[in-house]
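Look for chain A in each of the two complexes below; its partner is chain B in the first and chain C in the second.
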Partner chain A sequence: MTAHEAANARRIGVYVCHCGGNISDYVDVDKVIADIEDAGDVVVAKTAMFACSDATQQDMVADITAQQLDGLVVASCSPKLHTYTFRGVAARAGLNPYEYTQVNIREQCSWVHTDDQQGATDKATALVRAGISRTRLTTPLEPMVVETLPRTLVIGGGIAGLRAAIGLADIGLGVTLVERELELGGWVRRFGPMYPHGKDGRALIETLVAEVRRRPAITVLTGAEVVGKAGSFGNYRVTVRVGGEGAGTIEVAAGSIVAATGFDAYQPETGEFGYGIEGVVTLPEFKALVDEATAPLTHRGRPVRSVAYVYCVGSRNTGGCANAYCSRFCCAATVQTAVQVSGLDPSIRQFHLYRDMRTYGKFEPLYTEARKAGSVFVKFDNDAPPAVARRDGGGLTVTVRDLLTHNEELALPADLVVLVTGMVPRDNEALVGVLKLPAGSDGFFNEIHPKLRPVETVVDGVLIAGACQGPKTSAESVASGLAAVTQSAAILKKGFTELDPLVATADQGACTACGDCLTACPYDAISMTETGDRHFAVISPTGCKGCGGCVPMCPENAIDLLGYTDAQVTAMIESLVEVPA
Partner chain B sequence: MEAVTTPLAAPSPVPLDLGLYRELQRYGARDVSACFSCGTCTASCPLSQTDATFPRRIIRYAQLGMKDAVLSSKELWACYQCGTCAETCPTRADPSEFMAATRRYAIASYDRTRIARTMYTQPVLATVLAVVVALLFAAFMYAAHGPQSGETLAVFEFIPGHLIHDMGIAVMAIVVLAGLAGIATMARRIGRREDVGWGDVLGSRAALARSARAAWSAVGRESLGQAQFRAECDTGQEATPWYRRRGLVHALTVWGFLGLLAATVLDYGLDILGIKATGTPVPVWYPVRLLGTLAGIALVYGTSVLAIDRYRAANRAVTRSTTADWMLLGLLWVTGVTGFVLELALYLPGAPAWGYWMFLLHVAVAMELVLLAPFMKLAHAVYRPVALFYVALAKEAKP
Partner chain C sequence: MTAPVATEPQAPGDAFVPRILVLSTNNISDPGIDLAGSSHMHYSPGVKVIGVPCTSGIRPSWILHALESGFDGVFVASDGDECAYLPDCAKRSSRIVGEAQARMRERGIDANRLRLAAICSVCAEPFTRHLGQFSTALAALGPAAAELTP
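Then we have the complex of A and B:
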């Protein structure tokens, strides 16, 4: 049959998968085939032991070619798993990939209705019918090809951002590095010796900044903030405010954006482990003190002869309140600082009050080093946290129950109490609003997949790196910065990118320019435009993510989502409610 | 040491002494900061049968600065330093040597004169002191010397017997006073921590019976009998012949020392009773002389083997030695050997003149040994039984 012989008829192939029993143990796949093979336009209807297997894929290609199929329905597992697999099958057979529909009869039928095989089978049949109905109305779609700018905007000039900028420049991409502070370097610039090898933080940053300066491909904007973003993946136009509040803005064009905005140190509440009492300091404060110190160590003019560290302050909270996570860097950082203190003056007594020591991986020898240098470690139970109080006649007393000494309550005299504070997400509300960065419940930015897509976000072309993703050591931050380099190169070096064509389109004629859709779009992809005296909405195909949020908002039904048109969805619903014969 | 876990009833936080650790190091404590309380020492200790914290807990006390806990610890003295834990310790912190150093610290702390502290923490000064004290004794006695008879070795004519007796009694009085003061301090501390008062020791017939049993265990079984030292704490010496084993050699030294002390006292007793005047020549089989000879053999054998083993670092108990260790061994050995040479001179014809000088040396060193006893390693001979009394008492069920 050829197209002109039956203009409205479709030739659809339907494949129902056993999934090796995962489906067929509860869904009668043969009955599903029997029930749908008489549906209109179905030319091929088959079961397969594993639809995703190479052999079945080859059968499908052969069927599509031999039977000149123009629609494909595979009823198997979740579209998350195999949408791209079967789009590929269609493409290899010369069929437009968007003429294919995935029907999920595993997660939605066999796995959830193990107690009702008849019901599961009926539901599967209905879902397959709906899939056929959708496929009847498919049209060939082509991916949008967008040229990309070979330039990346890096937000944050800390160690991750600096290293990423260098990497991007070396791989042949232009870089604009935006730093909110007046000086590059972030947290690491403030540090002296850092673990594991005692390398000086300031020196590391100086090296990186010198490398940045040597690369003409990198433009550095300090005292600058990202305040707006337009355009879409491959062609972002980012507004950067330079020169502080009220000063001018410039527009930076970039193909991708790397957010490496870092972290804030947890700031204890007044009274939390005695914070606020003279002599109770946070780890960053203490680190600064030690970095600047020469023997003898003093704090505000008073000699420091003993130090008590209280670990996990602001981290690993239980009971549903904030910061349930482990801040990861602090155990090693504290132990390293303690070794530094011992180097300054070995006679200073140091007590580490900890819940669990997590000097993980290669940092474990630091813990041993600290112990050998005389640091004493006191493990306390989370239910009995230490208490810090001012002692009569100067100094502080920390009371703690030592689990290793039969839970005896000890009164530790200390000149300084160091609260080992962890990392908290930076207050980046404005930037989150501009970039649409997804943040988790902990406030750190979320990647798509922690293992497989560790620096990509759901916003195409917007990548995250460093401690803005969650607590990281500087080494880990640099590693993720370089991962963002690779990912930027992967999407920008081709010079173009293909975008999914499943986007919303607005019918200019039907649009009354009410503006409801503008507020519905989370990606700022819709704008009002005018021709003559007519105003109407235009949806940027590259900005649209195909979420469909605008479709129901339109009072005129002027918006349709390609691949999921109103007609298609209506047809699917009708099939689902249709009582089987 | 079975089931002697101390119930801790500390109502208020224990104040820590941040200087304790450094102070212990002055007594020869090795760096135990490597200790992370894993408890391997406890697992390997032949004495730690049910108490899950010995000896680990003592090290923890020291690391943290729990001075009172260290000085009121009866368990500190239960250890005979077999060295098993030093071998098994995964961090090479040497708990065994640490316990020994802590005992030195305890001896010095119980002594209010601070002489013991000087003896332990200033080895050069201690050595000079030892030599000077011996010289002073010798000079004092020599100042009152009489003629050296050439016919028989009349040592008590050379150095007047009454002078030696009076000196001995004076030295004994000093030692007993110093010793009792130390014991009282120790007992008060341990008693407070263990919650054992006079009433618990002497308050009732049952308490008295318990105390008697505990005293028998501490003094009879362990101190005179050296039972645990010879049995449980003899581990790791399977390849050593029985006559060279640490437990037996130490026991021979103890028995030799006590035998000589007994012989000396008996000889004095015979004099008082008018049976035999001191210095009267007797045959070698004369009971008191025989006791002295046999005890002397035991002492010289014991101290010689201990010294050789210590010099060679022959076993894991003596991998490290301090001046204090050598001083005690040295004084005991010199006392024993000079005694023998003197005995030889007594039975040689013609009363050799060197016999008189040997006598002077023997008495001077023996006097010194007794005089310095409360301030040196020998003090363990009284402190250990006191601590073991409390250990045994804890095993007795409380009323």
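Then we have the complex of A and C:
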């Protein structure tokens, strides 16, 4: 090694994660380490059971300090999950966070090659090598500081959105609440008594709406919809259509956006458990009937003497079709409604045909209360679902095999059959298009990480809360609404935010001032400047959004995107094709 | 937990597994590719991904470099109309691909070794399908190295 090379040598630490076994069940992580530890510039090479654990983070900090590392490579999960975690590790150890590279060997390696251990291991080695190659060429960078607007746009005025709006106002942020319907409150506005405390849904919403009205910091727009979004994190400009189709639009400036657009109830197909036959209703329909009822209970003028509930309709489907999830609220909501019915008239017979009772946590006493009040619970096998048919002489018959009495076939008479329908994602295509909201395979919106970043999305400053994320009770919806408040405050209360300095830079020396890049940037971040008689392009680091669109437009190759420089990408490509020995 | 892993390198007689470089985008197509992993779908381990902010920022020279260094194909997983940065991203990305293909032809490389498709943030299934088809097409073409004019 020449003295010059020695002076330029890097001191890189490499950590390869087992992720419990998520990675190491398919990738031989020890072999990966053996294959890369002799790569030049690698000073520390280790595996970790969980790279993100506190203990390993402390290890990394200790290594960086003791070994005076100037580069960090972590090979674990997707960069969407822990980039900030490990940037934080670097920062705590006094290493510039941009000297760290995340390598994805889980989502893009172990999990897609569970059928090929050698292939997965070789690929992981190549990916780690590419990460090392990239890190050799990193330079310390400082984040850019941009001012943020102290205002949040909340989309959806259900219980989650209303509670979030109040929380945001109380923490000192301005709020614009956009609700598509003419009335606030979402689903809960329709309900009478709700579990767990039997409190009236309508009354709850009235209280929240009154609290909203009391706060001048909150502007409420009803009958309104978001139709456009411009700007970036900290400074969004959102176009809202008010007053219905064809009416005007207004522009709202906001630092962050919270989508709390809720869910829809599952709508059964005609014929599904007899749906379409007179007397077969869904849970929301039945709940509305019971909430309004006075004794004696009637449905369309006919007395209701017996009710049969069929649980899990449209939820927990097996066999790879849609809605594999449990809707969470429906067991408890049904039991709560049954208790209401018993209160109305204890002589009404109630049969609950269930697969599993999920009155979890504090909802369990409701189940006991329902049984004490006379409700009968019949467990059926998913492979032998109940059948609903019209009964001669009026009413319905539900036939079911009772798992708990040796599959005895029961024919239960019922005046009403209630299909306990679950939650489905709300059809919100236009909004998804505007906000670029990521949805999961079940159609609900996806957070970055269900445990660690439960309300953030991959779109910076766009948060999600409530049942639009997936089935939630109203308490859980409110909790995530408040999490979105905290997260909004965390990013807006300082008045500024730090943006990645991964922006484009133009090399003055190489620039011939041809001007080709000027039209390449829709954000007008590039301008021509001069010193003496030399003209050249300069790129404003705060105007630049970091897309790199100008990079290939420069005929002189004078533009590089920091973090993705020509040298780095070229080196990564070369490392990726190498075959491990 | 971990089964023993064979350590022998691929024997020369083994079937040709095309090496594919995927250029994805950090915010949209990369999450789609991640979702293929979270959903436990499968594609060939010859597929390796480099994430960039936007496919409009790809230098055609990177594509050439990949094919000259040993990759058999390059797949550009673009944002299509979903790009959050550039309204004309689809047009820019296809211009870049067109330029790279022209340069590939000059070098004697089959232009079919470069593909462009929009992959959205939940396009796990389309991504695996695209890559499966691309692997098959490249296997039929054989190694790119054989085409390179010296």
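The criterion applied here is as follows: the second predicted complex is superposed on the first by the 371 of 581 C-alpha atoms of A that agree within 3 Å, B and C clash if a C-alpha of one lies under 4 Å from a C-alpha of the other, contacts with A are read in each partner's own complex, and residues count from 1 in each chain.
Note that contacts are C-beta pairs under 8 Å (C-beta built on N, C-alpha and C of every residue); 3 or more make two chains touch, one makes a residue touch a chain.
Keep in mind it's a predicted model, so treat the numbers as computed, not measured.
Peer 1: Answer with first, second, both or neither: which of chain B and chain C does A:T148 touch in the superposed model?
Peer 2: neither
Peer 1: What is the contact status of A:S474 with respect to chain B (first) and chain C (second): first, second, both, or neither?
Peer 2: In the superposition, A:S474 touches no partner, neither chain B nor chain C.
Peer 1: Report for A:N235: first if it touches chain B alone, second if chain C alone, otherwise both or neither.
Peer 2: Touch status of A:N235: no partner.
Peer 1: Taking the superposition as given, does A:K80 touch the first partner, chain B, the second, chain C, both, or neither?
Peer 2: The answer is second: A:K80 touches chain C but not chain B.
Peer 1: Once the structures are superposed on A, label A:G546 by its partner contacts, choosing first (chain B), second (chain C), both or neither.
Peer 2: Only chain C is touched by A:G546; chain B is not.
Peer 1: Considering only touches as defined above, state whether A:S347 meets chain B (first), chain C (second), both or neither.
Peer 2: After superposing on A, A:S347 lies in contact with chain B but is clear of chain C.
Peer 1: Kindly classify A:D28 by the partners it touches after superposition: chain B alone (first), chain C alone (second), both, or neither?
Peer 2: After superposition on chain A, A:D28 lies in contact with chain C alone.
Peer 1: Of chain B and chain C, which one touches more residues of chain A?
Peer 2: C
Peer 1: Quick check on the complex: what are the chain A residues that touch chain C?
Peer 2: Where chain A meets chain C, its residues are 21, 24-25, 28, 31, 78-80, 104, 106-123, 126-127, 130, 436, 438-441, 458-459, 502, 522, 545-552, 557, 561, 564, 566, 569-570, 572-574, 576-577, 579-581.
Peer 1: Spell out the residues on chain C that touch chain A in their complex, using ranges where they run on.
Peer 2: Spelled out, the residues of chain C in touch with chain A are 1-3, 5-7, 9-10, 17, 19, 21, 26-28, 30-31, 33-46, 48-54, 56-62, 65-66, 69-71, 82-87, 89, 92, 96, 99, 121-122, 124.
Peer 1: Which positions of chain B touch chain A when the two form their complex?
Peer 2: Touch residues, chain B against chain A: 8, 10, 12-16, 18, 21-22, 31, 33-34, 36-37, 53, 57, 60-61, 63-66.
Peer 1: Write out the stretch or stretches of chain A touching chain B in their complex.
Peer 2: 305-306, 347, 349, 351, 368, 371-378, 397, 399, 402, 404-406, 408-413
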